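In the part that follows, the structures are each spelled out as structure tokens.
In what comes next, subunit A is part of two complexes: it sits with subunit B in the first one and with subunit C in the second one.
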Partner chain A sequence: MLRSSVALTILVSLFPLTALLFLGIEATGTDWGALLTDETWRDSFVTTLYVVSVSTMLSLVFGTWLARTVVKQRWRFTSTILKIPMFVPHIAAAYLFWLLFSGANGFGGIEANERDYVTVILTYIWKEIPFVFLMMLGTYEQLNRGYVETAKTLQLSPYAQFKHAEFPFLIKPLLDSTWILVAFISFAYEVPALLGVTYPKLLGVLAYERLSTGLYLEATAPYAVALIWTCLVGFGVFVSYLMTASLRRRIERGVRR
Partner chain B sequence: MKKWRVLFATFMLTFVAACGNEQAVEFSDSFEAAAESANGSTVNLYMWGGDEGINSYIDDYVAPRLEKSYDVELNRVAMDTAEFIRQLSLDKKADRQVGTIDVVWINGDNFRNAKEAGLLRNGLTERVPNATLLNETAQQSDAGTPTEDLELAWGNVQFILHYDAAKVDNPPKSFEELRRWTEDNPGRFTYPEVTDFTGNAFVRHLLYERYGDELNQNVTIEDSFWDDLKTWSPNLWKEGQTYPKTLEQLDQLYASGDVWMTMGFNERRAEGEVVNGIFPKETRALLLDHSIASTHFLAVPFNAPNPDGALVLIQELLSPEAQLVKQGPEYWGDGTSLDLTKLDANDQNAFEELGDGVTYPNSEQLLERSIPDYGPNVIDTVREEWPRVAK
Partner chain C sequence: MIRQGFILCLTLLPFISLFFIAPSMGIENNEAIVHTVGLTIILSGINVWLATTFAWWLLWTESRWKHVLEWLVFLPLFIPMLATLFGLYLILAEVGLIGTYVGVMLALLVVTIPYSIRLAYNGMAVIGRPLLEQARLLPMSRRVVYVLYPLFSRTMRTIALFSTVILLSQFALIQLIGAGLIPTVTTELYQSYAGNNRSLALSNTWMLILFPVVIYFLLSGWNRWMVRMLKGRLQ
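Moving on to the complex of A and B:
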């Protein structure tokens, strides 16, 4: 029993390494200098960074706030409603938003297929809030109210109450959600393909285009870009978990060491 | 312990399965032998699947006939052409001699790429009896690349635009007039991105307007051409901030009335859409200065698992009956690749009796303005340089 779980762990952790190795092999022969100065890739990189960070940040803030409110106010019904978008696939969500915002003047002045990627961000927020909400709901339900009571007794401001009595417990689920969202959104295809624009394209769309059109059939650049992005995300994961390691351990053990 | 073993075994099996290197399956010696050996088998046809009419021609007309005449089951797999070419080239790299694809629908730069990478089988002409009926000019070259018996012509079409006559009173007659028309009707015209087959062809028509045949000898497009093309942008759909990704998206915009013109290879393609109520009722053909003629082909990959089934399918698709139904308005409206003079009188009459649809262009003018396509190098150059227009 134990050995099989060890084997499974090894297998699972080998997958990302295999993927990295694969990307590395496919990316060999890339002219890195040319890649880094290529305007199309650079614009795509910047736009992707913008879409990823805005969507992730807003999803985290709203998801957490909703989980907090739902637990505090005991809104059972809201909790159920909020889970609905989870069951809509991303491609369907993108199509839904496309139907809503495309056409002559869009809806509420927001148009699909424009360069600020507002509808792409909106789709991601709509889809990811329930995810964050579910990740945080468990945490809030198990939160020791004693800390909040203590903070209140000490007459801390609402912000200080949150900072000292709630936030430390949220770090782990927040970090987990952040990196899942970043990794997912950054190279996803269907949403930006449907709601995005011709230029600049998000990385996933541009990479697919470069891999699937005649001119670029032998191209190594998409693999190189995927490799760079994977390393960046991997580095971010590593650093963020390392920096919060002692804090998280303290929370888990419940004692200061 | 047991679980661990099962896990390990499964893991190793996946590896073994992936590494298996079988012998390629060869064609039978004659068509009769091929038909016999294909009996009871399944043949996988990989093709672009973006058009309902084309799909239903294959599924509702060809598949039942193939089943009936040869007892061969047809499995249509919808996939972008470049994507299965890529899959085949990965197979080639991995030396996978028995793949999954039996027949591909292919032309243009995809054929050039497949030919250069050695992904296709030759010797089709001698093995498919109906190949003798083919139009020899169409069969010879694929957008400038000699076919060299690696593919057989399946259809023959020309590029035209369609417009909604209910909204457009004075349709333009040339590409220059079209540009001026967009100035008078901002937001009502656009073309697909040049990674799309049709979008790329539209830009090639503009290139032909400026350079004519010259470009074939020396593929250098001046900056001024792109600057001129950029002057179209402010008057295009969404002010040229974005372009439809595919022809289907453009057709959708046209169907919903957002834009008033659409375009595409195949002069008969709008007829079915109008009959089915998808395109506006008043859709009419718009033939400008010149129109690229394009032939599309069928080919058999090097690692086809059922090459005999492939021969049977191609024989069926090139039969006069199947070609007649293909050209008719019911499913597709795709021009035949057969040389009508080689057919018997009955078949010739049947083709002539198909007649004209309301969305067809004048066939004499169409023939007059027909031009051969540029080679794949121009397609590549357009792909490479156009993005500056979209910026």
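Moving on to the complex of A and C:
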């Protein structure tokens, strides 16, 4: 019983890798030169990079700050409320923001469906802060206060205290959440389709629309783009984990001891 | 205090939009709701089952493949969802599962399982091996009913809730793999948004938000009742 369900789980987990293989096979016929010089794709790529980096950075900073403050000040009620946005589906969140920022309701001079993608970024931040918050909360609750006390006795500046006594322990959850967020935000359809503009579209929207409308029935470009983007993210994951490997291992050993 | 109030306001602010206009009360499409409820129940059930068994296995195994498999099941988290989806589309088209309930289910399972396993594994790691070790002396059914279920009922609830939220967020997946033949509340929201029918779109949004809430309370009540009953039986 246990064995067969474990086998089933492994089988299901193999699907995404097989999917990438199929993507690769399908993308072989693509004219790579034309793809890389195509202005529509290039504009989308730049906009996507901008949206992803801004929303990921802000979510990480605010999420970490909130987890730190909540643990330090023991805000139990706030901690509960902060988790609420996580249980709102992305698409519903996008529609709420669309209503909040469209037409007559234009809130604080920001409007939905404009080229700077401010509302898309806001939606993602609202949705992802609780995620980062939850990832970091566990770490902060288990953090050994002894290091911070030592840093204080040594009269380090608040920044240096954070850098030497807290940050090393945050590297692993930060790294995990960064790449989960990047993978999640960068190549999605739902939110930017609702709040975005027709040009430049985010990569995910452009790829999905090229794939699903009859106009480009023979196009292999969306598959190629999906593959390239996955490879880029994968490369980032690989390099960043490799670079921090020795540091993370040392910290894990230290904490266990 | 002021800081806390500010943070709370910002967190709850977007919910105001729910009250801007009246949602339409008439239910337009029963089929979409039935599909959504059906998919939610099946998906949550499978996720809870597969994730807890796998996490349990991962906790005790001494196989040398442990680390490889651990990476394998967490790896999909780092693959962009649409890329997985495009690939799955190609695979399922090969087998002829596009436009079927089974195909959609399978695709949803593939995208939710890594999150569920992670949640289950973290839940078990918090309780730790020493405490769970004693439970291994019990026969399988007693172990599950009297020890594992009461201990992990909250984790199971979170897994069910997470799978539901991910399922409700999927438009591209259900539209592409379902070939537009399997309407859910999410696809309805898109269509009413594109058709500029605001009150219908809003009523769909209400449903998307209330779904997880209802599930949360139902499962909490069920868990509480079950645990109380099991405790009574032991006395």
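The rule is simple: the second predicted complex is superposed on the first by the 236 of 257 C-alpha atoms of A that agree within 3 Å, B and C clash if a C-alpha of one lies under 4 Å from a C-alpha of the other, contacts with A are read in each partner's own complex, and residues count from 1 in each chain.
The definition used in the following text is that a residue touches a chain if its C-beta (ideal position, glycine included) is under 8 Å from a C-beta of that chain, and two chains touch if they have at least 3 such contacts.
Because the structure is a prediction, the values reported are computed rather than measured.
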With both complexes overlaid on chain A, does A:114 touch subunit B (first), subunit C (second), both or neither?
first
Considering only the touch criterion stated at the top, classify A:8 as touching first (subunit B), second (subunit C), both, or neither.
both
Pick one for A:243: touches subunit B only (first), subunit C only (second), both, or neither.
neither
Residues of subunit A touched, compared between subunit B and subunit C (which is higher)
C
After the superposition on A, what does A:198 contact: first (subunit B), second (subunit C), both or neither?
first
Touch test for A:211: subunit B only (first), subunit C only (second), both, or neither?
both
One more residue to check, A:57. First (subunit B), second (subunit C), both or neither?
neither
Just checking: does A:22 make contact with subunit B only, subunit C only, both, or neither of them? Give me first, second, both or neither.
second
Could you tell me if A:40 is touching subunit B, subunit C, both of them or neither one (first, second, both, neither)?
first
If you lay the two complexes on top of each other, which residues of subunit A touch subunit B in one and subunit C in the other?
1, 8, 193, 211-212
For subunit A, which residues are in contact with subunit B within the complex?
1, 3-4, 7-8, 11, 40, 103-104, 111, 113-115, 193, 196-199, 209, 211-215, 217
Could you please specify the touching residues of subunit B with respect to subunit A in the complex?
1, 3-4, 7-8, 11, 80, 82-83, 85-86, 89, 109-110, 112-113, 193, 195, 238, 241-243, 245, 256, 258, 376, 379-380, 383-384, 387, 390-391
Any idea which subunit C residues touch subunit A in the complex?
4, 7-8, 11-18, 20, 49-51, 53-54, 56-57, 69, 72-73, 75-91, 94, 106, 109-110, 113-114, 117, 122, 140, 161, 165, 168-172, 175-176, 186, 189-190, 193, 201-202, 205, 208-209, 212-213, 216
Could you pull out which subunit A residues touch subunit C in their complex?
1-2, 5-6, 8-10, 12-23, 26, 66, 75, 78, 81-82, 84-93, 95-100, 105, 126, 138, 179-180, 183-184, 186-190, 193-194, 204, 207-208, 211-212, 222-223, 226-227, 229-230, 233-234, 237
